[in-house]
Structures are given as C-alpha cells and as structure tokens.
Amino acid sequence: MTGIENSRSSHALAWDERVAAYEEEVRANPWRKRLREFTRNKLLFTGSLLGIAIVGLGLLGPLFLGSDYAGQSLRNTHLPPFTDGYFLGTDQYGRDLLVRLCIGIRVSLLVAAAITSIALVVGMVMGMCGGFLGGYVDRVVRSVTDFVWGFPLILVAVLLAGGLGQGLLPVILAVGIVNIAAITRVVRGEVVVLRTKEFVEAARASGVSNFRIMWRHLLPNVMAPALVLASYYVAVAIIAEAGLSFIGLGAQPPLPSLGKMVADGRGFLRLNHWESTVPGIGIAGLVLSVSLIGDGLRDVFDPQLRHEAKGVEKG
Amino acid sequence: MKHTASRLVYTVIVLFVSSVAVFYAIRLSGGDATAAALPGSATEEFREEFRDRLGLNEPIYQQYFTYMGRILSGDPGNSLTNNKALTTMLSEHGRNSLILGGTAFGLVFLVGVPLGIVASLRRNSWADQGIMSMSTVAMAVPNFWLALLAVWLFASRLGWLPSAGCCGPKHLILPAVVLAFEGIALTVRMTRSSMIESQNSDYVRTLRAGGLSEWRITCKHVLRNALIPIISLAGLRIGQIVGYALIVETIFGWPGLGQVLVNAVLRRDYPVAQFFSLVLVALVVVGNWVADTGYTIANPRLRKSS
Amino acid sequence: MNDPTENNELDQLISEYRGGTVSRRHFVKMAGSLGVGVAAAGSILAACGSDEAAAPATTAAPATTAAPATTAAPTTTAGPTRGGTLKEGYDLDFSKHDPITTNWYDPAFFAIYEALLTNDPDGNDNHQLATSFSKSADGMEYRFDIDPAGKFHSGKPADAAAVADFLTFFKATSFIATLAAPVASYESEGDQLVVKMNNPWVGALGPHKTGYFRVLCMDTWNEAGGMESTTYGTELADGTGPFTHEEFVPGSHVLVKRWDDYPGSNTEYFENKGAAHLDAIRWTFIPEASQRAVQLENGDIHTLKGPAPQDVSRLESNSDVTVYRFPEWSGYILTMNQDWDEYFGDVRVRAAIAHLIDREAMSDAVFFGDAVADYGPLPPTDKFYDPVVEEMITYDPAAAAALMTEAGWALNGDGIWEKDGTVLSFEFAVQAESINEAVATTASAMMREGGVDAKVNVVDRAVIFEKQATEGKGAAPMTLFYWLWPIPIDVLNLFVNSATIPFPNMSRANVPAIDAAMSAWTSAGTAEEGQAAQSAFQVAYCENVPYVPMVTRNAVFAKRNNVHGWQPTLWNLYPYYNDVWIEG
Amino acid sequence: MSFVESKIGPGESAPGPEKTPVLEIEDLRISIASAGSSFEVVKGVSLTVCENEIVCLVGESGCGKSMTALSVMGLLPRGVARVTEGKINYEGLDLLSLQSRELRRLRAESISMIFQDPITSLDPVFTIGSVLQEVVRSHRNVSRAEAKEIAVRALVQAELPDAADRLDSYPHQLSGGMRQRVMIALAIALDPRVLIADEPTTALDVTVQAQILENLRARQREREMGMLLITHDLAVVASVADRVAVMYAGEIVEEAPVEELFADPQHPYTQGLLRALPDISVSRAGLYSIPGRVPSPQTPPPGCLFAPRCEHVLDSCWEGNPELKREANRSLRCFNPQPFEVR
C-alpha cells in the first residue's frame, strides 16, 4: 500500500490534485452544495421568493405605510383597490386594507412562530427523552402523543377558548399542543434509530451521562429532520390560527388577523369582495410559500426522501 | 390480534382521559350556566337554587363521576336551553353529521386516491404536474375562505346550489366538498408518493422479471401495497373532518353535531357541550382504532406472526 | 288616538325637509313609516318644491315602505290556497316559548299566543283575544269582553277567569310586568276581564299589546312545573293562537303547526276568519348575516327578517322580492357602569363620551344609511320624541375635550385622558354578532380619536350577560346593548330606574330627575301629561347621560312575492300569520 | 490451483467451443441521468453466455454489473438509466428492439432473474403460492390446479422444505434463505433458457449461501441453462463459474475460463482482487486491499480507468484507455500486464 506513492508519476499527481480539489470543494463547504441545491430546487426557490415577498410586506410595509391598522375613515368604506390612494382599498370601517394585511401577516407570523417554537422545543425534549430513555418514560411519551395526535385541533381550541377566554393565547396553546405531538413522534422515531448507532453506544460505554449524550450527540442529529418537519407545521399553525380567528376565537378587534379579516369581509362579498379576498390570498400565499419551502428543505436535507418521492431507484 | 386487543385497551384509556379533559375544560370555562337556562329576570336566589339542582355547587370531581355515571347508564341528561334529551339530539344531529362527514370522508378517498394514482402513473406528465400543483395550492387555501368563495360563486352568482340549509342532496354538495377539500389534496399527495414508492420497490421488479403485465402489477400489487399506509391515515382524516365540521357546519347552517356543539359552548349549555364533545372525541378515537384495525387486516405482516 | 301626534310629526318632518336637515330619501322613508302613501308623499314633496320629487328612482324605495296602503288591494284575484310550510329566515336566536320566563319574545309568539289587543297596520288598537273593550271615564278601569267558549290548544277554557289568572300571576312574577306598574289588579267578572288602575294612565294599553303579555294557560304551565319547569316553552306551549308549538331548537329553528280547532280571530283587519291557511311555519335562525339575503333570493326561505344592511338595496331591486323597511323601536346604546366610579362617576366624562360618537357616520358605515341617529333615549320616530335632545349630546369632539379638561383630565403621552393616575382605558364588552361588532368597532374608534380607550372584547352570548349583570366590578365598565321594544319608553324605564340596579339597569344609573320623570309618566292620565313627563325624561337623560344613545336601525323585512297576507308593520315587532298563504 | 479445487459439485469438463451461445451482449452502453447531468455507467460491455454455462460477472459495487444484468431483462429503472448503444441477443432475437409486450413474454419463460435481497423482493401482501401461480398463469394457459402443481414442483426443486404447505405463507413468515428459495422457484418455474442471478447469496447467512449456490448450480446443470451470475465474491466465482468476466468502472477488463483466470490473472485489478481474498493473504502481513478508490463519474482519469490505482502504471496508461484484446479464449484490457505474484 505504501510502495505505490513513491512511484507516483506526474500524471498521477495531476489527477490526484484534480480529485483532491473536487473533493475539497465538496467537503470544505457542505453548505455550498446545499446552497446550490437550494437555488436549483424550483420548489424552494419559488417558495422562498413568495415567502420573502409576503414576509417582507409584513415586516417592511408598515415602515412606509404606517401601522395605523385601527384608524377608521367612515367616509371611505368599502373602497375597491386602487381607489383614492388606497392601494388595496378599504374595509367596512374605511381602514386601509394594505396596512391591515401587513399587520395581519405579522400577527400570523408571530403566532406561527410562537406555536412552532413551543412545539419544537417541547417536542424535541419529549421525543429525545422518550426515544433515548425508553422504558416507562417512552410509554408515557407515546401514549400522550398518540392521545393528542388524533384530537381534532379545532375542537381542542374551542374547548381551550372556553377555559381561557378568547384571544391569541388559547389559540397558541391549542395548536402548540397538537403540534408538539407531531414533532415528538418524528424526533422519537429518529432517536430510536440513533440510539443503536456506534457513536452513541461508544459514548454510553465510556460513561457519558444520559443528558450529555442527548445534548451533544443526539440533538445535532435530530435537529435537521425536526426543523424540516417544523417548517410544515408553520403552515399548519398559520391555517389553524386563521381558522380559529375566523370563528371568533383568535385575535380580538381591532387587531387584524387574516382569518378575522376574511370573516369581517364575508358579509360584503357582493359589495367589495376584496375585503375577504385580500386576506384570503394572504393566508393562501403564506401557507403556499411555507409548504413549498418545507418541501424544498426536505429535498435538500433528506435526499433519500426526495429520491423516493421523485421515483429514483435506490441502490 | 394481540395488537388489535391492546389497541382496544388503549382506546378505552384514551376515552377516559378525554372525558376528564373535556369535562374540566368546559366546566372551568367562564360564563354562567343559568344564563342559558333561565331568563334574565331570574333572581339570584333562584339561580343559586338552579345551580344546586344541577349539582353545579358540588366539588367538580364529584360532578364528573355523577355525570359519567349518567352517560354510562344511557341517560346523559337534557339540554339546558330546550330541555331536549341529549340522546334524541344525538340521533337527530348525529344523523346529519354522519351524512355530511360520511360524504366528505368518501370524497376524500374516492377522489383523492384515483387522482393520486393517475398522477403516479403519468409521473412528470402535464397531468401529474397539474394534479400536484393543484393539490399544493388546495392545501394552502383555508377551507373557511373556500366556503365563502363557493357560496359566493355557486349560490350567489350562479344560483346553482343553495347557500345553506339541510338536508337534501343539493344542500349537501357545497359543505361536503369544502369539508373534503384539504383531505383530498393530502390524499392525492400521499397516494402518489405511496404508489411511487411501491412502484419502485424490489418486489415489483421481481414481478416484472416474472413477466407479469404492467397493468396487472399496478392494479393488483402496487395498488394493494400503496393503499396500506393510506388506510392507516384514514383515522387522521376522521379527526380532521370532525374538527373542520365545527367550522363548515356553522358556515353552511348544517344542523349537525358540530354546529350544535359550537352553539352549546357559546351559550354555556354544559350538558350539550360536554356530551357532544365527548361524542366527537369518541368518534375520533374509535375511528382511529377502526383505521388501525383496518390497517392490521390489510397488512399481512401484522395480521399473523409466524 | 294616534292621529294628532302623527300629524304633528308629519308637519315637523315637512319643516325639516324644507329646512334641508332631512334628505329626500329620508323624508320618504319617514313619511312612509307614518302611514303616508306614496302618492301623498310625492305630493308633499312636490308641494315642498323639490325639483326631483317625481324622479322614478325615488319611488322604488317608498313603494315598499308604503305597503300598508297597497295590501288593501291585493294584486291577485285568486283566493288564498291552503297548505304549505312557510319558511321564514330570522336574524335572532330563539328564546323559549314561555311569556313568563322567556328572555325575549320571538315571532312564534305571534303564532302560538294571542294578547288582549294588538295594533292594526295604522297603529290603532284592535282586538285580539278580547272581543271588545271599554275604558271608564276617569281612566281607572278597563273592561275587556272575553269569549266564554274560548279554548287553549290543550282544550282548557280560555275564558275571562283564565286570562285574569295569567295576568295576575304574570304581574306578580315577571320583571317585565313592571312595564304595567300603574295596573292595580286583573279580575274576572263573568265574561269580562276587569283591569283596575292605581292611577289613570295614558299608556295603559301599550304593554298589553306586546309579546310578553300574550296569554298562556296557567293550568298547563303549572302542570309542567311552573317557574321551575324545564319543559314549558321548549317541549310544549299552550296558547290560543292559530298555530301550536311543535319543535324548539335554539340556534337552529322553531316549528309550529296549524291548530285546526282555531275558532277564528277577533281582529277586524285579518281577512281570514277561520283556521290558518298554512300547514306549518318554520323559522330558521341564520346567524350569518350575508346568508340571509342569498337564501331568500334562492327561494330557500319565503320570508325574512333582518337581511344584512348591505344586501337591502340588492333585494329591493329583485322583482321576485318585496322589501319592507321602517324605523324599528330599538336602539344601540353604550352602557357606562358607574360601579366603575373612577371612569364614569363624573357626568362630564359620560357626556364627553356621548359627544365623541358621530352617529350619522355610524349610520352610513354600518347600516348603509338604513338607520337614524339617536341623540336622546327615544328613537326620533317615537310619538313622544322631543327634538330638544338634538341640541344636547351632539357629535362635538371640541365640547368633549372641554368637558374632560374641566373635569380635571389631561391627555397623556398616548393621547388618552388621564387623571390622578387613572387612565381612561377600559374593557368594552360586546356580544359576538356581526352588527354588534361593527357598531362597537366603529364606536371604539370614535372614542379613541377623542382620547377614550375602550378596548373591544368580543364575548359569547352567555358571557355578555355576566359582563352586564354582575354586581360591582365583576361587570365590564362598558358594554354595547341593543334593545328592541314596541313601546320604547316602557323598556327604557327599566334601564334607567334606580329600582332596577344592577340589572337591567346596566349603568347603575341613580338619577332622581329621571326617576321622577318616569314616575310622572306612569301616572300620566292624559296625552299632555304623558308628553310632559316624557319630555322631562328625555331632557334629564341627556343631562345625566346614563347611557350613550347612538343609532336606531331600520327594521327590514322581505318576502318572496308568492307569499301573500304577510304584513310586517311599524307597530308590531313581527307580522301575524293568520292571513298568510303561499301561492303555487 | 487451490481456488479451483474448492469448487463445489461435480467438476464437469470446462465448456467447449462447440456450445451454442444463448445470450450475447455486444458493446452495451448505459447512461444514468441525474440532477441535470448524465454519465455512462456501462461503457461498451460485450459478453456471451452459452448453453449449460455459468458466466460470472465480478466487480466492486457500482462497477455497472447490476445495470448490465437489468438491461438484459429490460428492467433498468425508467427515466433514470437507459441503454444508449449496443445489442443484446437472445437466441438471435434482439432484445433491445422488442416491443415491451414481446419482452414481457420472454421474461420468466426464457430469461429469468434472481435478485440480491430476498427480504424486499417478494410482495409482502400476497402469499408466495399466489404470486407463483400468477406468474405461471400469465405465461401458460393452464388451470389453477395445474398452476399450483407447477408452483409446488418449482418450490420442491428449489428445495423449500414442506413446499406444498408453504403455498399459503406470506413472505414475512419465511426466513431469508427460504425466501431466496422462493425466488429461485419463481425463476425456474417456467424452464427458462437463461438465468440471471444478481448477488443471490450476498444477503444470506454463510451457512445458507452454500446450499443456495449448490441448488442453483444443480438446476442449471440439469436444465442446461445459460446462467449469468453477478457477484463481488471470488469464492462464489471459484465454486460455480465456468467463465469469469471482471468489470471495473463500467468496462470489462479481463475475461477468461475460471481455471485460467485464477491460475493466471493478468489484469492488475484482477490480481488485486485475488490478492485481497483472505485465505491467500492471511498468512502474509495483514489483509490486503487495493489502494485508492473507484474513480467518481465526475472526475474520470484521462487514460486507463485503473491507472490511478495501478501498481504497474506507465505514462502511456495516463494517455489512452487500452482496448479489450481477445487472445484464444480469454481477453484483457491492459497496456502493461505483469505476471501474478502472491505476496
């Protein structure tokens, strides 16, 4: 094995260099390949563009338009888009629909972020504990998640809203709880597989504490699938919040929530359908972009899934 | 069979826990039960007496056991607002809900599965791309907005279908489609990926090597294998339909369990709210169990163990 | 007995129109409500010199409002057909069919029960259960003749004794009965019901025409459990009306069926003298406001109360549909709970808030003009309305600011009034319903503009009651309240009288001047005394501002044109169903 | 040589030149398309399998041997890999030009294939009997009873214990070895002329491997089938093969009768493979492995594909890929063949 290197010709060295350079390029920056996949991935690209546009509107819009979402102008009600300086028109109180759309997007994003953070943190902890510690801890985790998993989300929210009153908090809790179950299930599944891997066995054999193994060895490995999954549940959270606000359980007036805006506009479909169409498109766009990003992330982070999905044969 | 039996025990436990959760959630919610049952003119003494009569002044755990005792004895009580027996209400509204939910459930699979199959067979064709794009968009459209658009288009503009009401076939179309919409989109995607996974599996290659026709392989082997995971998720679809029914029944004025439940929660009609939540939860839990059992039957690997 | 006041009103209306304070459309509407026919309204306008009085566009609206005139001559010559189920859409949820314990009364009360008297389409007294009546010269006694052969649905006798029984019990138990406080007793003498008064009262007949005073069978009621009954009004009801109780599903629908043994009505203006034409009536509660008009247009329902304001003009342009609109005896008011002394203890704060509400803008925005501004407790269409209130708590932000400053409040950095560390920022509870929410959202924004931060909290039906009725600070500082009552003064009395604290006196108003005016009203023996008492009440109300009056919306009814004999009027809350039949 | 003597079963005489070829592959080229780019994985492979002959195709994983086998069956993954050039002849029929329907008739009936992983290669939701009968009935117009008879006979020949009772078993109820016997039964049920076995024993326990191989070889001999056995295991090659073709990076680098190849391997890659066999090198200093890695398709070496790993590499090796030179009954692709030394 050693003899060959001495007799390396210049040809061999040149080729070695080429291979090395190629490998270096691949190795040095694993993100570069992902980035390349990212830009090449049509789903991710479209989703991101749409997402950036919508989120940008939500974040930056109010900087230019002001954030007076409650300001009424009762002489300018039900205006269609592009009228009297209102880009998207006005609602039944003469409030600027564009401003309300921007703030509504913010509310949606904040609620979705809160829900997803709760689901992600609690779900990862529960999933890792259940999957790694096994035994009765696992049984409890599994029972709880199976229990919550099958529950109709809207029903949970209706019941919680009964207990906590209307507002965004019960919505966040209800959707958060159901989403915790989803994340827990996946993380637990990953950890059960990881638990038998050599590096975990080795760490355990050398007396590393359970907590440390989970923190140092398991967490980094379950992070990617959990994040990919979480991106889907952002979409679920957005739709759920909108739905609950629609039936009056979410944001309280005059704070605009996209679902509540659709509900407010429903009486005026004949008069000025934009009042519910604008927020409706807002929700659909937001959800569409998030799920496209989710699909794209899955392709990038979990190529095996992609191959299955796209029909490339394994092996 | 052992698997099925242990799932049954688990289902019973889940039902118990749910009943406690539902009971507490509704009892702890604000609002006075007497507001639903008594006139605004009723005196405070009379209200207090009424609460006593309903047992609302007892410790809550005791109320729970009394309540569950009544349910298990087959007499869950009466509504506070109109004194109808809950069992009568269940049979009336439950029938409506079954019609709507059953139709939606049927649509989810009768439309979703064939579309998914078409997409998987014509992979990457325009038909596939069309179906998949539509399902992606369909999943993003919130069903309450869809309901409004559907009413606006088919009831207001075109006048083809009634905008709300019960219970003829024409009244059923809009709410059932709206209720099924997201489920259809999800089922299309799942069927497609499940079909593709099955098509690319080793056993299909074996069957091809055995000289079976593509048609036969697809219809018999690929489909059968692909449908197994879809059956297992039927339980989730039930939960989804039950949940969305709360919104869709309200929008379309369909007098089902969901609409009654929402109304009861709003007016603090405890007996109705508790009983119907419990019924819906039980429906979901039992539905999951049935789907799970179906999965077991469809999948020989779980059916018998060697 | 209404004619003199009506003419006064008409004169006033004409002078307002001349003065330019009332629009042409408004004028026609108001005139219609006063029973003036289209032609008459047109001629008045012409006399006023309006250059577009005869424009075709103007006749479209009054054609419907002047319906009382047109129904006298039905367009179809074919007689009524028997049978069919009338499907009526309804904008309110249902309360149980028990006049004694109900929260409010529904149209089904008009089908199941009968009162002693009712109003005819012109607002005149007309018989219903009573075959005739007389009033003693001193106004201290009324005598009603009751048919001794009358029966309730159950077959039990509905004679004078039974009626006296009910009214006596009702007066003793229902808080609503305080509306008839000047009544001393109800007694039966042979076939007559004798109503004895404590004092002569010009308003004595009023309450007896409302839904609450509809006569039920006390025996049946007691057998069902009386006050504690869980079945009366939900599973059964026993009245003398042309229809019998069949089904009651709050939140969804109510069903009544024809009572075949109905002996026929005593009411002269009903054309049908026997059992009802319809087999049944089904009222469906349609919570989604915009659905109501659609369902009527699609023929899913035959008749409708309360389409969404934005859909009214569309219905009017539909040739299959007839629309009836007239001001309702109702109002949207803000309660200001004085148990929250730090906010509303000072009348200047309450008055300032009243000055912040731009009622005209609210009427246009929320009701599409189908509402009138209220500057005092009574709607402007009320016969005792005193225009003096229009100069008192007008929309005037400058006056509001001046009052607040005078009361020692100052605007803080957020632009909200503050005094001694108390910020004028509080919960504003509203029942979850689209128009309620719209009125509240508009009012909240108007207050916020003037430095008052009323935070809207939309709550369930069951919770709003707690927010209004709980004693002390368990109740919300401010709520939105919508009242609906055919004799406004009587119900307003309940809201402002110090005797009814905490509920239904939701503001906990304790104003001696108002109490005095109200007691003067209930002891007013003549129309002049009545007017004086009511004027005094209106002035005291606007000086002390126990509530903020905002707007009175129009009652809007609509029917498909194949329904005949269905006649909503200004004077009763709901139409009667004796004459209704469905063509084809 | 010792390898040849380790051969299992009756060591009949080596196939003579008079044997008729049943399967001829000529200059086969296969490309794979991935992520927008495409590259060749099989680069001009020619191979002949005769009646009653076992040809082994040997090479590291990824060298294109499975692709070659699948292309014969017309089972290349659609949309991913495709034949770009070459011919595959079965008894004079050009398989590549056949309609899919005609090709389907040939499968199992004339050419059949056994796959590597018996665990995943059987439909989990049907009994093995139903699948066997389905295959039989799709080719032969026979009654159910007859099909069942054929199925049982095939299972007996594949030496599945209690064959008749196993018809109603599901795959998951059988062990790996039993499942591979079911696969064999499927493959031989219709008496094909050519049998392709792709790593048939790789996934099995060592104890079962020998039995399966023995069974395969026995069936091949009694039916005088031509058999293409794909493997990376030289011990397997030594035990059953008549002729051996060694593949490297999509090319055949050496082909020879089995005895000659083991006695006198000429290509440095073949030599390396032999040297890596444990029973040879174990007496020496530790296990041997060929240095370096198979070149990735993205960075192919400029000349001979084996040059970067070759001990005897010349400058000319970096400049051009050598042709496959045929000499008597063996062929070789090398500029600088050296005698084999067992080190």
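Each chain carries a letter (A, B, C and D) given by its place in the written order, and its residues are counted from 1.
Please note the rule applied: a contact is a pair of C-beta atoms (placed from the backbone, for glycine too) under 8 Å apart; a residue touches a chain by one contact, two chains touch by 3 or more.
Just so we're clear, the structure is a prediction, and the values are computed from it rather than from any experiment.
Asks: What chain is the most remote from subunit C, judged by the mean position of CA atoms in each chain?
Replies: D
Asks: Which chain pair racks up the highest number of C-beta contacts?
Replies: Counting C-beta pairs in contact for each chain pair, the top pair is A-B.
Asks: Taking each chain's centre as the mean of its C-alpha atoms, which one lies nearest the mean of all protein C-alpha atoms here?
Replies: Smallest centre-to-centre distance to the global C-alpha mean: chain B.
Asks: What whole-number Å value describes the gap between the mean CA coordinates of subunit A and subunit D?
Replies: 48
Asks: Can you work out the whole-Å distance between the CA centroids of subunit B and subunit D?
Replies: Roughly 53 Å separates the two chain centres.
Asks: Find the geometric centre of each of subunit B and subunit C from their Cα atoms only, then give the gap between the two centres in Å, rounded to an integer.
Replies: One centre to the other, that is 42 Å.
Asks: Just the number, please: Cα centre separation of subunit A and subunit B in whole Å.
Replies: Result: the chain centres lie 25 Å from each other.
Asks: Name the residues of subunit C that each touch 2 or more other chains.
Replies: In subunit C, 288, 432 touch at least two other chains.
Asks: Give the residues of subunit D touching no fewer than two other chains, as numbers and ranges.
Replies: Residues 77, 79 of subunit D each touch two or more of the other chains.
Asks: Could you list which residues of subunit A touch at least two other chains?
Replies: Where subunit A meets two or more other chains at a single residue, that happens at 165, 266, 269-270, 311-313.
Asks: Where do chains touch, given as pairs?
Replies: Here the touching chain pairs work out to A-B, A-C, A-D, B-C, B-D.
Asks: Can you name the residues of subunit D that touch subunit A in the complex?
Replies: Of all residues in subunit D, those touching subunit A are 34-36, 77, 79-80, 289, 291, 295-296, 298-299, 301-303, 307-308, 311, 313, 315, 317-318.
Asks: So in the complex, which bits of subunit C are touching subunit A?
Replies: The touching residues are 288-290, 308, 310-311, 314, 358, 361-362, 364-366, 432, 434, 437-438, 440-442, 444-446, 448, 456-459.
Asks: Spell out the residues on subunit B that touch subunit C in their complex, using ranges where they run on.
Replies: 30-32, 35-42, 46, 53, 78, 81-84, 151, 155-156, 159, 162-165, 250-251, 253, 255, 259-260, 263, 265-268
Asks: Enumerate the contact residues on subunit C facing subunit B in the complex.
Replies: 96, 101-103, 174-176, 227-228, 230-231, 234-235, 248-253, 284, 286-288, 291, 294-295, 297-298, 300, 432, 460-463, 465-466, 469, 503-504
Asks: For the complex, which residues does subunit D have touching subunit B?
Replies: 73, 75, 77, 79, 100, 104-109, 112-113, 115, 117, 120-126, 131, 134-135, 138-139, 169-170, 172-174, 183, 186-187
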